[in-house]
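Look at the two complexes coming up: chain A is in both, with chain B in one and chain C in the other.
Right, the complex of A and B next:
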């Protein structure tokens, strides 16, 4: 097949990218330059660097970081165990299954589970710890978000672990490496690409979470996603909402470039 | 490759079959003819029996669609491409739709039953002379509380919410106008106040409330309060009625400093396809016995004075939902403060939320 014919096949893809990726981003950029009265201005960007939004940005990053770290802590051992099980496909299916259920439904379920009279508090009561407020705290927010993002962390790590050549492990053991050393010097470096894509798949959407902040955290956690939702739906200040979105897009692009850049350097070695 | 083509063909055939089936089903239910009326209303906001009755009387088939916030409804209608014949927005949304020229001016001669509406609910600030809207239901914003959980506290004033015994026990609605309005009212200002000094005072007062606030939530507030997740809530009267239906321990009060009175209204959008049918429907809903049946089903307060007379005493005499004149005189409608002021209200509300952690 000539390379020209190949180009023709790419046309739908380019069209798709232009219409549904590039055009919307340009539109957001365009909207971010208008204030409430439809005047062309940069004031939205000036507003963004006010203490309210800076504080919000910091808390968004902090929570996204926590969510990513805890997802990783749960997902890595889980993915490791998965590669050792007999019915891998079945277990994998069970992990993917919850992602078929609507996010809101899962979140609503947690309101019941974490509530004052919910099962978690009943268990705490029986254990003699007594009733605790779980709903509407930073803890519950991180917990539910981690629960939602775990499949996206497990999958890339799992495929990286699957690609790992088992003879390398035997070799490490033969050469007298302890379990920890094997993990640190052999397994982890070889699966770091999976960890990286998993972290990106979690960190980036976690930055802009919004429904969970209201349903689970009762607006005690405010993220940039909440601000965008408010500006588009309530204040109708599309300019400010777009500005926050532009900021998020820039940050996400930076994260991708940084993560991807290191990968490129390693491959080039 | 052959497999792929086969799979693709199978999907196409299935899609066409479903399309045909859908069209056939619509036809068999009478949806395809011109004699339909598309109503866009809040969820669970009409007695379905009345829709059947209307269909029987007029032969017009009603297509009923629902929304869950004024903003969602506005966005859909502003973008066009819809042909709703009748919509039920709240006061400030009507002011906005009027500004954007989305509404059809009403011909009052086609609405003889308008005379049943209590004059108190006519010609409100968002629509002088009811040129575009007909009142549907109304209500207030107030405090719902569970006497068993409030340590014997009862509520007469907004300022009772600041009591230190309510630590971490109050749920607020996630609405800038409602929460800011409450703070302004507690300082004896108008809830449409635009003075910067007063607004900053309200923010300061709200920040002082932070320790008592357990969460700021949306529609879930109904479920949370009915489940006794918190002792006190800031809610709309209609939600309060629903919560009290589920858990009769709770009680609702409109504080003495005054509060907000809101009204949902029937309007005909400019893009309506069946204007005559819409008039017929409005007239039908204004009929006292119909309005009474609807009010009994929905549980909100009816602005129809002749319907009120038909309602049983335990509903029409309930001062929580039909407050006496001394209280209604102090109630205010949310004025459309303009985009800029609304953004400022939201900014202050956001500051209060950020202060919360």
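Right, the complex of A and C next:
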């Protein structure tokens, strides 16, 4: 009797899982099998592996990779320096604060900053380099994306560094390791889990960005996210959009398994 | 050593400057009478007046707030139930399955959530607009709220509920008088997280919003696509101030219980929308 009562009140949660977690994935899979005329076919998949889409996929991956690498390069030292400051929690809060500002507003700000008459171009002008077209290029896309994602890279690395036992550093020093060796052999290996979750928090969203490409890259850069949005909302070709989405889901699952699996092995040690 | 310290401070300062520059840039030019985001001509409050007088925009702001408050309240309730469900499951395997199902929406890219919900609502015959936006905001807020509540539930000593039962408390009493008060901080942070997610969401809403209904971020997107308009700057200044208030409020609420805000927990909340 009691277990039955329990079951009844757990219904909303299970309903949520069924309706909004399982059903959507199945629907995406199902729709990817239909073409524009509603005919059951595998042509979407055939199209996806045609050169046009493969090229787009590759460039999407390349950009996501660049964004992840640059975020990491900026974020790691920043996280490291943050752990050295007094009032770390306050500084950390200040790093998090911008993430609470709407993404679109921050992106929109860069339209002004990178614009033809914007401050960056004025600086370039003063330096004698002259005005450059910055907006609507791959560079501006990568820059703005890195800007958006940096806090999400700093946070996990920061907490990994916080967990690091400081005596290990002294030990490495005592044993004669140089600063660089200490970092390479001690600090980095011990914080690699933070790096990994940071990279995951950046790489997957970077594959699927579409508002930044529209606002900042002026459709020069097409990511998988842009393609999905285009198919669903502009050309109304849900089948093809779903196919791209299926591909993205597969990639996501692979990334998670790769990252998660290794972590498991490490914990088992 | 001294020299090295200076360089590292410089680096951190640079990171902070870059992080905040765009936000202050927007704020600065919201007062520019020149009407562009370069060459500051003179101080004006015209754009603020424009924002305040724009009834359409005000309605959108109200829409956004209604959706955010309503969806996070409902999502928090579902999340409490969900956390209880996950905690009650005994078998480790079933628990892990539930947890991974719970996290699917957190790790999925927004575009996929948006697209799949669009299909779902179209098939289910939900009219695109208020109801579809509300439902999707509830849907993507549930898992994060569960993750905020679950640790509090697991920290709770099981002897507490046993004791309550021994003293003759009914099932309902145990829930309302023991469990809910103990996990209250988790419920609060779950609610606030859901609120910020909902306020910040663009991509999912963009997919399921249909014609005629709009939330703030969708509106900003469509205005920003038409080019620079300083009323967006004024709007963003107001939003920034509101956000700061919200964040400060959130921190006061959570900092009361746990002295130090854990970096881990904030990191979990980190998937951008």
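Definition applied: the second predicted complex is superposed on the first by the 252 of 269 C-alpha atoms of A that agree within 3 Å, B and C clash if a C-alpha of one lies under 4 Å from a C-alpha of the other, contacts with A are read in each partner's own complex, and residues count from 1 in each chain.
One rule holds for everything that comes next: contacts are C-beta pairs under 8 Å (C-beta built on N, C-alpha and C of every residue); 3 or more make two chains touch, one makes a residue touch a chain.
Just so we're clear, the structure is a prediction, and the values are computed from it rather than from any experiment.
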Putting chain B and chain C onto chain A via the overlay, clash or fit?
clash
In the superposed arrangement, does A:14 touch chain B (first), chain C (second), both or neither?
second
Now for A:214: first (chain B), second (chain C), both, or neither, which partner does it touch?
both
Where does A:111 make contact in the superposed view: on chain B (first), on chain C (second), on both, or on neither?
both
Compare chain B and chain C by how many residues of chain A each one touches, and report the one with more.
C
So in the superposed three-chain picture, is A:55 touching just chain B, just chain C, both, or none of them (first/second/both/neither)?
first
Touch check for A:189: first (chain B), second (chain C), both, or neither?
neither
Regarding the shared-chain residue A:133, is it in contact with chain B (first), chain C (second), both, or neither?
first
Check the residue A:233 against both partner chains and state whether it touches chain B (first), chain C (second), both, or neither.
both
Chain B and chain C contact sites that coincide on chain A, given as residue numbers
108, 111, 115, 117, 214-215, 233
Can you list the chain A residues touching chain B in their complex?
36-37, 52, 55-56, 59, 108, 111, 115-117, 133, 135-136, 138, 214-215, 217-222, 227, 230, 233-237, 240
Chain A-facing residues of chain C, complex:
8-9, 11-12, 15-16, 18-23, 25-26, 29, 36-39, 77-79, 81-82, 84-85, 88, 98, 101-102, 104-105, 107-120, 123, 139, 142, 171, 196, 199-200, 202-203, 206-207, 216-217, 220-221, 224-225, 227-228, 232, 236, 239-240, 243-244, 246-247, 251, 260-264, 266-267, 270-273
In their complex, what parts of chain B are in touch with chain A?
69, 71-72, 75, 168, 171, 174, 176, 214-218, 220, 223-224, 227-229, 339-340, 342-343, 346-347, 350-351, 353-354, 356-357
Seen from chain A, its contact residues with chain C in the complex are 2, 5-6, 9-10, 12-14, 16-17, 19-25, 27-28, 31, 74, 77-78, 81-82, 84-85, 89, 91-113, 115, 117-119, 122, 147-152, 155-156, 158-159, 162, 197, 200-201, 204-205, 207-208, 210-211, 214-215, 224-225, 228-229, 232-233, 238, 241-242, 245, 248-249, 252, 256
